[in-house]
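Structure provided below as structure tokens; questions to follow.
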Amino acid sequence: MLSLIVFLPLAAAAVLVGVPASAGKRVFTGSWVTVAAADLALVVAAWIGYDLGGGLAYEQRLPWIPSAGVSYHVGVDGLSLPLVAVTAALFLACAIYSLRQTHRVKSFVLLFLGLQTVSLGLFTALDLILFFVYFDLSIVGMYFVIARWGHGRARQSALTFFLYTFLGSLALLLGFIGLYLAADPHTFDIVALTRTNPLAGGELYGALVLLAIGVGLAVKTPTVPFHTWLPPAHTDAPAAGSAILAGVLLKMGTYGFVRIAMPLLPDTWRQYAGVVVVIGVVSVLYGALVALAQEDFKRMVAYTSVNHMGYVVLAVGAAGLAAGSDEQARSLAVTGAVTQMVSHGLLTGALFLLAGVLHDRAASYDMGAYSGLAGPAPVFAGVTGLVVFASLGLPGFSGFIAEFQILAGSLGPATVATALALLGILITAGLLLRALHRVFLGEARIPGAPESGFTDLKPSETASIVPLLALAILIGVLPRFLLDVIEPSSATLIGVVSS
Amino acid sequence: MSLELFLVIGAGLLAIGLFGALTQQSVVMLMMGLELMLNGVIVAAAAFWYYVAPGTADGQVLIVVVITAMAVEMAMGFAVVTAIFRARDVDMTDMAADLKE
Amino acid sequence: MSPAALTPELTLTAGAVLGILLGSWLPRHRQWVVRLLAALACLVGLAATAAAIGGAPQLVFGGSYAVDTATNAGRVIVLAATLLTICLSIDTVGSHPRETEFYVLMLLAALGTIMLVGATDLLLLMAGYLLASVPLYALAGLVKDALGTEAALKYYLMGALLGVTMLTGITVLYGAGRSTGYATLAQNLPGAPQAAVAVGLVAVLAGLLFKIGSVPAHFWVPDITEGASTPVAAFVTTVPKIGGLIATYRLVAEALPAAGVNWPLLVAVLATASMTLGNLAAFFQDTVRRLLAYSTISQVGYLLLAVAVATRSELALPALLLYLAAYAVTNLGAFAVVAALPHAPNLADYRGLARRHPGLAAALVVCLLGLVGTPPTAVFLGKLEIFSAAIDGGYAWLAVVAVVNTIASLFYYLRWIAPAFAAEPETYSEEVLAPAGRWPALGAYTAAAASLALGVAGGVVLPLVSGPLLP
Amino acid sequence: MLSAVPAWVFGALALVSGALVFRLDSMAKVTFALLASFLFVAGEVLLLGLGYLGVVLVLMMVMEMVIMVVFMIMYMMNPAGLMPMAMFHNTRGSAAIAGGIFIALTVGIFLVDWPARAGRPPADSTLALGESLMGGQMLTMMTLGLALFATIVASVVLATHRGRYDRFGDDLRADHPDDPIPGGVGR
Amino acid sequence: MEALVWLLVAVPLGTGAVLACTGRRGDRPAPAVGITAASVTLVLAVLAAMSRPAVSVPLFAGIEAGLAVDGLSAVLVITVAAVTLFVLWFSTGEFAADEPRARFTGLMLVFAGAMLVTVTATGLGVLLMGWEVMGATSWALIGFWWREPHRVRAADVAFLTTRAADLGLYLAAGAALAGGVGSLALTELPQASQPWMAVLTAGVVVAAVGKSAQLPFHFWLSRAMEGPSSVSALLHSATMVAAGGYLLLRLQPLLAASGWGEPVIAWTGAATALVLGLVAVAQSDLKQLLAASTSAQIGFIVLAAGAGGVAGGTMQLVAHAATKSALFLAAGAWLTALGTKALPALRGAARRHRLVGVTFTVAAATLAGVPPLSLWVTKDAVLATALKGSLGLYATGLAAAVVAAVYSAKAAWVVWQPEPEDAESGWDTEHAGTREVPAFARPALVVLAGAATVLGALGVPPVARALQALIGVGSHSLPKAWELVLSAVLALTAASATWWWGDRAVPVPLAARRWLGQWMRFERLAELLVVRPTMTLARTLAAFDDRVLDRVVMSVPAAGMWLARLVDRGAETPVDGVVRLVAQGARGLGTLARRPQTGQLHQYYAQAAAALVVLALFLVFVR
């Protein structure tokens, strides 16, 4: 089942490779949408069939490189299933959004299908090497997306992105190897490693392994000070690329924390949770403050991602702190962290697609150049407004569900840090309102040719963005369907980390 | 004391040969330097055989290998020099330095 | 005496001798028969090796030659690499007056390399060194133009000096250990004067480092790669490394496992120097062949990691062999792309490749990213194993150095990939990206596919390279 | 026991003649200096009881030096010492390296505690060599043989610019070789 | 029956959300739909108040989402629903047909719905949800005329200020969890353990004070006046500012349990009542005057919470809601008709529009505390509780009551003055007036002013006792007769004196008047102390991020190449020394690594030989 979900896009890509590019772009975009929709349907089916009791579902394990302790081991639990679903949803949104794509459609579609397999694969992987394979391939795929379909200084940004995240991935690899060597018998299997806990007791070795893994994940997440690849990569990436980058790829880092760093190194994690908390809170505040000073809409959103991901890091750090040994609060924090990944995936995805609309119409992200777009494009403005409010954590949207749990859960274990992180909420609110205010309200002003006007959302854009928003509202209003899935798993995780 | 004597002679020949190999511009002269180095190796090999391990023939075979190597290197050297002489009319290493950064 | 154990070697010998005889009677345009013969020899050799793979490891010819996992793996890699190189060279040397000699020399070089792989006696090692080097000098100068002969000259002179050094080292080790056989040396060297062992080892290593093109014996690599024809460049940067590295591994693991000298540290230093220097020098290269040359120098650095922990981690040997196999196909693949586009010597010439030859561009990406170690290519698996071995052997810092270097290498590989996927230049010339012919492209596809297959099917390959080393 | 005097004398002479190789300014003299050096070394080898190898060395070197003279003359290298040869580079650095190596080696040679002698020289060292060559070191010899084979092929490839197709045509059907200067038996 | 409370919040929220999203298509039916929804809500509120439903569903792990209508909530839901209905009714006349009425009505309904959620919530989580949505909706409503940047800026200020205070609730939620109240239920909060109890209380206090525009957060209320009058009417009466008061009343046990919460809150309320009253006196704009008076009047509610007089506070809240909505609607009616809200320009407005004038005056008299109107008794109920605690509080409260009489009388005096000759020159400063009060507005005005009057009945002891029983918390003390008389006398005296004084110059320094007139310049202070430093910090960090962090981190791997090129091109952006150094360093290393490759063989020889010697020595000497 999972393998089908993961490899369906790749199989479709393999078929499409054979179709000549001259067949017309409709063939490619059409089949992309179909495949993405089918994949989403499969994920929904998997969700329906998922046993809420927790534990791994749809597990499958085949020997791959047995002598190196590597196996093809996949499965989902409450931590990964929501992310799988978000990934499928976001890719479908991007597929719909890209219906109007005209530039090198065939390779674009192929690349995204590949990326989808890679992303889904990562969230289902239960083997460190399998995880790493997908982790690295996501970087490669995104490099090509940015370099070939980006704008501005795309190649440079892509290069930066590649070099930086690749460095992170290799650090991760070193950490994985450290885990592998510590286990007896040597294995890369996440489940087995969780069970045996080879680095119990911490010590220097465990610290170094955690450092390597932590750096790798921190680069991908990204947290301050490893975030500098993010703004240029986002600014120059195409809209769909940005949406996937922010919506899916960033989650790989934070997901790594809950899937690998915490359960596999529980003792070491507890030991250094304070550091993680500090990094988290610095990311929250730094990301928010720097975003506040941005003039470029996409850069601003990129920095808010740093901020939002900072909450996740804060939560997982707080979950490791033994101080307030209240399991409920820490479990709440982890649930909030996973919810935040889902929520941020949907909302940032939507925001970047909206930014793509901005660029599509007037080829600029400069907020100073726009004003009063709510006049000519009320739907665009309305949708953006809602997404912005959702993203600043307004109740009724998914962001609140996530942030409330994170902050309420983290306050006990990490009081000062969380209290400081609260300020992030305020700054985010300020900066997002400011952006909304500058771009959409006031007298209408559009850069470039003013007489051409500013077209409101087109059907493909609406059809791609609004469902994401709708999902965010659904989670915001009826969060149980999501939390029911996440909570047992986060309780299990907290159990592992606490033991 | 005697082993050391032979070894010093070997080392001396090696050093002289190396000096030649490093200083000579002409490829043929350079090859002479290499030959001299091997000359020193022969002395050392023979001395080791006699003073350290006369029980096995390894030392003797080593000298055979050295002599063969000498011959092979010489033959290849002359062939290479001929080739480059034909192609560029030079036989000095300094003048064959087009391949560089 | 068990000649049957040496079937692959004998096959190559027969191929070479028959080839030269046959070539003397063949018209110029029908020398492909010799090519076929050479390929056949490789294939038979591969088959014989495959048959031998299951067998118990044994020492043959008075203990001077080991037939074990490493030898078998080395044979397979060398023979496969030779086959691929033959594929690359068809369009370059087809109907050349010296085509017969080209293939015969290549077979001989391959044979010499295999002798290096299996040698467990310093004298056989030296003989293998000669056999593996001499044909390559000639191959480098086969195209007797100014650059080709200069390449041959430099290659030869470097080889000669370092060969002499190696002989010196053999003599010193012989003097210190009373023997040239590894088994005896392993017994005698721990009690031998360590200064002599150290000097002897460094001197012997000098020759092997020359074969693998590692610092400080790397000077020939860029010059030969640029001066010789592309297939030859591919061959000399790939095949001798296989022999040299396994030979180095054998030397340190079998002759000096307990010796008092700190050779692991020495090898670690060499590895660091090699990868760092190779990468730094490749940074701003604009010629693809020099870039690849420096990249091979840095790759040797990674490979030396496994040698450094040869006696400290059980993972070292499988790691080395796997990485070698991966490196061989991937590096050959990159060279195959270069061979397929003979009129594009510079990075900038690759602009628009993805549009014009999507297949080649894909192969290029697979091979270059493969060299970086991107999964799921074979080198990734190799790097994984090598890093594991290094950390397991207590050389974690070396693994970190290797990681940093990997990132640095990514920079220049991307400098090559980026133009390939960029739009075509304004002043676009048809000739720049005109392909050479089918064969190099086929080679590129094969290598790329093999690189991927080896990575994905690593589970099948890894058990084959994991086995005991003799004795 | 050996008499140390001839060993000293031969050694000193080998060194001196070796040094002369790079001091003399005539091609012929240089070659003969090298030959002399080899002959003295052969003498040392003979002194060490390796009669066969000493003789082989003498014969080999005489032949090799003759060939070398031919090549020297081929490449214009001032056969009669008419023009002074000064084709050096990097003398100072080379002297430092070579001198340094010599000093280091000498110091090492005297400081190192060389292994004690094990075994006795065989009665007939040549026989021992032969047995070894046909026994334990057979593969080495076979490989060296192949190396020589490779050398032949390689040197022919490199040294001659005219191959069989130049002489007998692409399909080797020509009755007479197309040589610039006809020669050989019956031509 | 349980569905009732769901319906109560779902009807306004759902209808509002749908209306707000329909866009311009919904403008035509919007008023009707809005009023219908508000009426249904009112009916539901009454039913709920009678049946007291309570529901609960799981929200987070161990945390329930509960809604319930108890005594306090019952009073509030009715108040909120009723005020909403009348304000919506009024607003049908305020907006022309071409204005986006769907958006307005929708947002108003959501706003009211959020308030209903807040007052019915049984746990901190849900309360915070309603609380935050209310804040966000207020932003959208204050900035309703988004084409005018100053209004949006005002909305921003209002929202950000209240949200800053809202952080207190997040803090409180976390503290509650940490303090052992895993369910976050409001009733269990007083059981939180120390020291989390202190954090919890502090969070609640900050949030409530901020939302209620008490000192020192009062300035946002001034900016909130930029929105439409109906918005002000709703925001200032039953929702938003009232929410803070409600929260404090609701969590009075917590304040009591904390030990220090009560005095802090009581004094904050008293101080606000007095100071903001003075601010109100100094205003020259009718709506600003009313806004300041709101802060001041809510101050009494806060004072009540601090003093333990939940019932008195509730009475004050309800009475003030009616009064203040009537006043704002009246001001809005004039604004619609005359296009101005400046006091001097409103001279004679009451004479021109008599119905509005009368209702305004009745409401103003209530505000002034004139007997027997509602605020007179409710305020005294509050003060009676305060007196039990401390005489100082009582005195301050009484002084505040006097000030209230002053500003109410001042406003009434102005509108009843004869219209000057050049009256029209002062009109139409905000927008073009219609010169007539819409027919729709009248019933709303009348009903609300009537309610303000009638609610004086709350002061009748039996009613008061019934109410106290209904709410069932806090102390049961009623004002004694002398207190009632004293405050009545004081109010009447102050009002008469003000009326008599008219607009003659006040013997107060101009600077002080101006200072008060600008709401004590707290906004400027916040700007200077918070916003500016934050922005500066943000810009500095951004510059740091761009110039230093990014470059330094990036240039290590990416090395020279592009940076060097950047330097060559004369640098678009100022590249600092560090960067150049790193770039050059990388380039230098690259060049250095290639330098050995001279092409000269003898140099290769020398290098290789030297390197090997070094390696040999290394191996000899390093063990």
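First chain written, first letter: the chains are A, B, C, D and E, and each begins at residue 1.
Going forward, a residue touches a chain if its C-beta (ideal position, glycine included) is under 8 Å from a C-beta of that chain, and two chains touch if they have at least 3 such contacts.
It should be emphasised that the depicted structure is a prediction, and the values quoted were computed from it without experimental measurement.
Counted as hops between touching chains, the shortest connection from chain D to chain E is 1.
Common partners of chain A and chain C, by the touch rule above, are E. Averaging Cα atoms per chain gives one point for each, and the point farthest from that of chain C is the centre of E.
At the centre of the protein atoms shown, by the Cα-centroid criterion, sits A.
Across every pairing of chains, the maximum count of C-beta contacts belongs to B-D.
Averaged C-alpha coordinates give centres for chain A and chain D that are 70 Å from one another.
Once the centre of each chain is set as its mean CA position, chain B and chain E turn out to be 94 Å apart.
For the pair chain B and chain D, the distance between C-alpha centroids works out to 7 Å.
Rounded to whole angstrom units, the spacing between the C-alpha centres of chain A and chain E is 34.
Along chain E, residues 557-558, 594, 597, 599, 601-602, 605-606, 609 each make contact with two or more other chains. Residue positions 123, 126-127, 130, 134, 137-138, 141, 144, 152-154, 157, 161, 175, 178, 181, 195, 199, 222-223, 281, 407, 410-411 of chain C each touch two or more of the other chains. Multi-chain contact residues of chain A, defined as those touching 2 or more other chains: 159, 163, 167. Pairwise, the chains that make contact are A-C, A-E, B-C, B-D, B-E, C-D, C-E, D-E. Chain C makes touch with chain D in their complex at residues 1, 13, 16-17, 20, 24-29, 60-65, 97-98, 101, 104-105, 108-109, 111-112, 115, 121, 123-124, 126-128, 130-131, 134-135, 137-138, 141-142, 144, 152, 175-178, 181, 188, 191-193, 195-196, 199. Contact residues on chain B toward chain E in their complex (touch as defined above): 18, 21-23, 25, 93-94, 96-101. Contact residues of chain E toward chain D in the complex are 602-603, 606, 609-610, 613, 617. Taken together, the chain E residues at the contact with chain A in this complex read 21, 23-24, 57-63, 125, 128-130, 132-133, 136, 139, 143, 146-149, 152-153, 156, 159-160, 163-164, 167, 170-171, 173-178, 180, 182, 184, 196, 199, 534-535, 537-539, 541-543, 545, 549-550, 553-554, 557-558, 562. Listing the residues of chain C that touch chain A in their complex gives 318, 369, 372-376, 380-381, 383-385, 387-388, 391-392, 396, 399-400, 403-404, 406-407, 410-411, 414, 418, 421-422, 458-459, 462-463, 466.
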